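In the two assemblies presented below, chain A is common to both, partnered first by chain B and then by chain C.
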Partner chain A sequence: MTRLLDQPDILAPLPRVDHGLIDAIERARLVGRGGASFPVATKWRAVEHRSHGRAVVVVNGAEGEPQSKKDRLLMTTRPHLVLDGAFIAARVLRARRVILYIGERHSAARDSMLRALAQRSELERNIVTYAAAPARYVAGAEAAVIHFLNDGVATPVNIPPYPFERGVEGAPTLVQNVETLAHVAILARTGEAPNRVLITLVGGVTRPGVFEVDSRTTITQAINQSGGLTEPARAVLVGGYFGSWMDPHEAWGMRLDPSASRLGCGVIGVLPSSRCAVCEVAAIMRYLAAESSAQCGPCFFGLRALGDACTRIAGQGSNPEVLKRMQRWSAEVRARGACKHPDGAVMFLSSALQVFGDEFASHRPHAKSEQVRLSA
Partner chain B sequence: MIDRIKCDGRGLCAELLPELIRLDDWGYPILTSGPVPDHLLPLAQRAVDDCPVLAIALRRSVPEK
Partner chain C sequence: MSNSILWYTTRGAGAVTLILLSSVVVLGVLSALRVQSDSWPRFLTTGLHRNLALMTLVFLALHIVTAVVDPFTNLGWAAALIPFSSGYRTLWLGLGVISFELLVAIVVTSLVRGMLGHRVWRAVHWLTYAAWPVGVVHGLGTGTDTWSAWMLAITAACVAAVGMAVALRLNAGSTDPLAPARGEFRSAVDRREAR
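Here is the complex of A and B:
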């Protein structure tokens, strides 16, 4: 089994690749690992059809999800593997440019990628440029990536046009997460279906951090492999801030299979039972509201109102009127932004209201002394 | 359909076409889903034409396969 992490990062000639790789990607049912889990083969075909030798490949290492660390670890430790994936994509899609789009705060990842790039052939180096991704939550979303590379503004735009139709400088563009590209590189080299996945464990686990697991692994097994829980869990957040809360007994048996589950970007957050769920949810909702790019009214005002409402319950205790408003706003905000930011935020909140229904209905303000910062 | 980035929440559309458009708590339009009934088409066209920021458009619905 070929692993992503804990392997020497060797620079070796690329395997011969052609159109057939897209079929292999499809057979392997590879999906994007940036969070949206979109089928990779579909995206590649859309770019390939339109390319005519002018396509652009964007290596997406923005990793704006605050709890996720796997992309920067991969770029730091396996830069050649990621670059292999990018150049393989460029060959198959007949692209003329590759752009490394790396989170501006991920300096170790950037340095490692640029160092590795300097070791590549001149032919490869000549088609690559680098761009620093702003440290904002939405900066890694495809449409925002294209907007930033074209106009210097990392806010989402209306779609269509999709990046595969009109992307960087109007050319058909593939925006692909770095882990996804690494999987492609392994598939192209070995012919093996990449049935491994990178996850980031956070919260009430003994050893938080990035782990590489077989995609048949369950969440329990992954947590046990990393030293187990620090105390009984109250809930599990699967997929990071764009994901959903689950009851532990439902989450434990879930397999870490990106093509079958709501794994998102692979963040698994464990909320220990001693922590206050309402305060945790309120903090994350405030964050998501602040990360609205403030372009669409329903997202900008709606998420702020929802964050304020959570905060009010957290600070002043439960309030059925406020809760009712939150339910209504959550339903109204959905699907009313140019991008999926509001949808993700209200899905996160809806799952919280479901799993933590009792807590939201009976929450009492904490005494000053027991107030705690909750994020892991 | 509404261009959510252009829309400024002026609210004119909801006044011109209350049958299909209501405003949320911040003054931004919420559309009733589904096609516009024929008898409302002239009013819908007026809501489109009169939007001060040109954020609404009528879209021909794609027949289902």
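Here is the complex of A and C:
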């Protein structure tokens, strides 16, 4: 079994690849690991048949999800594996450019990637440029990446045109997460279908951090492998802030298989039962509201109103009127932004209202010191 | 008799088109001004704007088709589609054709706005400010009823309504409530100078 992490990062000649690799990717059912879980083969085909030698490959290492650390760790420890994936993509898609788009605060990851790049052949180095991704939540979204690389502004824009139609400088563009590219590199080298996945464990676990697990592993097994829980869990947040809360009993048996479940970017957050769920949800909703790029009214005003409503319940206690309003506003915000930011925030909130229904219905204000740190 | 029905229809549809088009322009300006009240939510402005615009085209089509098929006028289809190709009142009819074609462009780009993107759509939509006055001048120049009191009243009301709406709009400056927040966010993710 070829591993992503804990392996020497070796610079070796790339395997010969052609568009047969796309079929292999499809058979392996590889999906994007940035959060959207979009099928990789579909995206590659769309770019390939428009490319005519002018496509652009963007290596997405923005990692704007506050709890996720796996992309940074991968770029820091296996930069050549990520670059292998990027150059393999460039060959298969007949791309003329590769752009490394790395979070501006992920300096260790950037240094490691640029150091590895300096060791590559001149032919490879010549097609690569580097861009620092602004440290905001939406800056890693595909449309924001394209907008940034073209105009220097990392805000999402209207889609279509899709990046595979008109991306960087108008050329068909593949924007792919760094972990996804690493999986592609392993598939191309070994022929093994990727069956490992990087997750970030946070919250009430003994050893929080990034772990590499087999995709047949359940959440319980993954937590046990990393030292177990600190105390009984109240709920599990699967997929980070763009994901959903789950009842522990449902979450424990869930397999960490990105092609079968909504794993998002691989953040598994455990909320210990001693923590206040309402305060936690309120803090995350305020964060997501503040990360709205203020381009679409429903997102900017809607998320702010939802965050304020959560905060009001957290601070002043439960209120059936406010709860009812939150339900109504949630429905009004969904699908009304240029990007998926409002949809993600509303999905996060509705999962919270479902899992923490009792807490939201009977919450009483309490001292600030009891609040916690699952939120950024 | 059937000939005069066509002729009356042309004139009537022309007047109705003027009223509808002016309402559409006023509603478009009001939607940019974000006018609303408890009994008049904003989607009503945009919904009316859209539906009246489609209705305008229907009456405009009626206006043009009845004029062309009327054996008495003997205009021909070319005159209705190619500006200034008509031997009869070349200038005034030409202005009408231009106004009509601009409106078609504006409506068609609105129907496929999702495919075009906001920027292109908006650029074409600005042509409204050409289409409306050109249409008004066409009516003043060649309308059979132009100088009758009722038609003068209609034209004056339409011009006054559009003029007032545009004046309000010019006076209001930026009405975008998101502008400050957007500016703040943008300054955090804008790296144009750094690059």
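Rule of thumb we're sticking to: the second predicted complex is superposed on the first by the 366 of 376 C-alpha atoms of A that agree within 3 Å, B and C clash if a C-alpha of one lies under 4 Å from a C-alpha of the other, contacts with A are read in each partner's own complex, and residues count from 1 in each chain.
The working rule: contacts are C-beta pairs under 8 Å (C-beta built on N, C-alpha and C of every residue); 3 or more make two chains touch, one makes a residue touch a chain.
Source: prediction; values computed, not measured.
Three-chain overlay on chain A, with chain B and chain C in a clash. In the superposed model, A:Pro160 makes contact with chain C only, not with chain B. After overlaying the two complexes on the shared chain, residue contacts for A:Asp151 are found with chain C alone; chain B is out of touch.
Contact with neither chain B nor chain C is seen for A:Phe38 once the two complexes are overlaid on the shared chain. Shared-chain residue A:Pro134: touches chain C; no touch with chain B. Within the superposed three-chain model, A:Gly297 lies in touch with chain B and with chain C [touch as defined at top]. In the superposition on chain A, A:Trp252 contacts neither chain B nor chain C. Ranked by how many residues of chain A each touches, chain B and chain C are led by C. Stretch 38-46 is the one of chain C that runs into chain B, the other listed stretches 2-10, 38-46, 56-64 or 74-82 having no clashing C-alpha atoms. In the superposition on chain A, the residues of chain A contacting both chain B and chain C are 158, 295, 297.
Residue ranges on chain B touching chain A, taken from their complex, read 3-5, 7-9, 24-28, 30. Every residue of chain C that touches chain A in the complex is listed here, in rising order: 114-115, 117-118, 177-178, 181-182, 184-186, 188-192, 194-195. For chain A in complex with chain C, the residues that touch the partner chain are 131-132, 134, 136, 139, 144, 148, 151-155, 158, 160-161, 292-295, 297, 300.
Here chain A touches chain B in the complex through residues 157-158, 295-299, 301-302, 305, 329, 332, 336-338, going by the rule given at the top.
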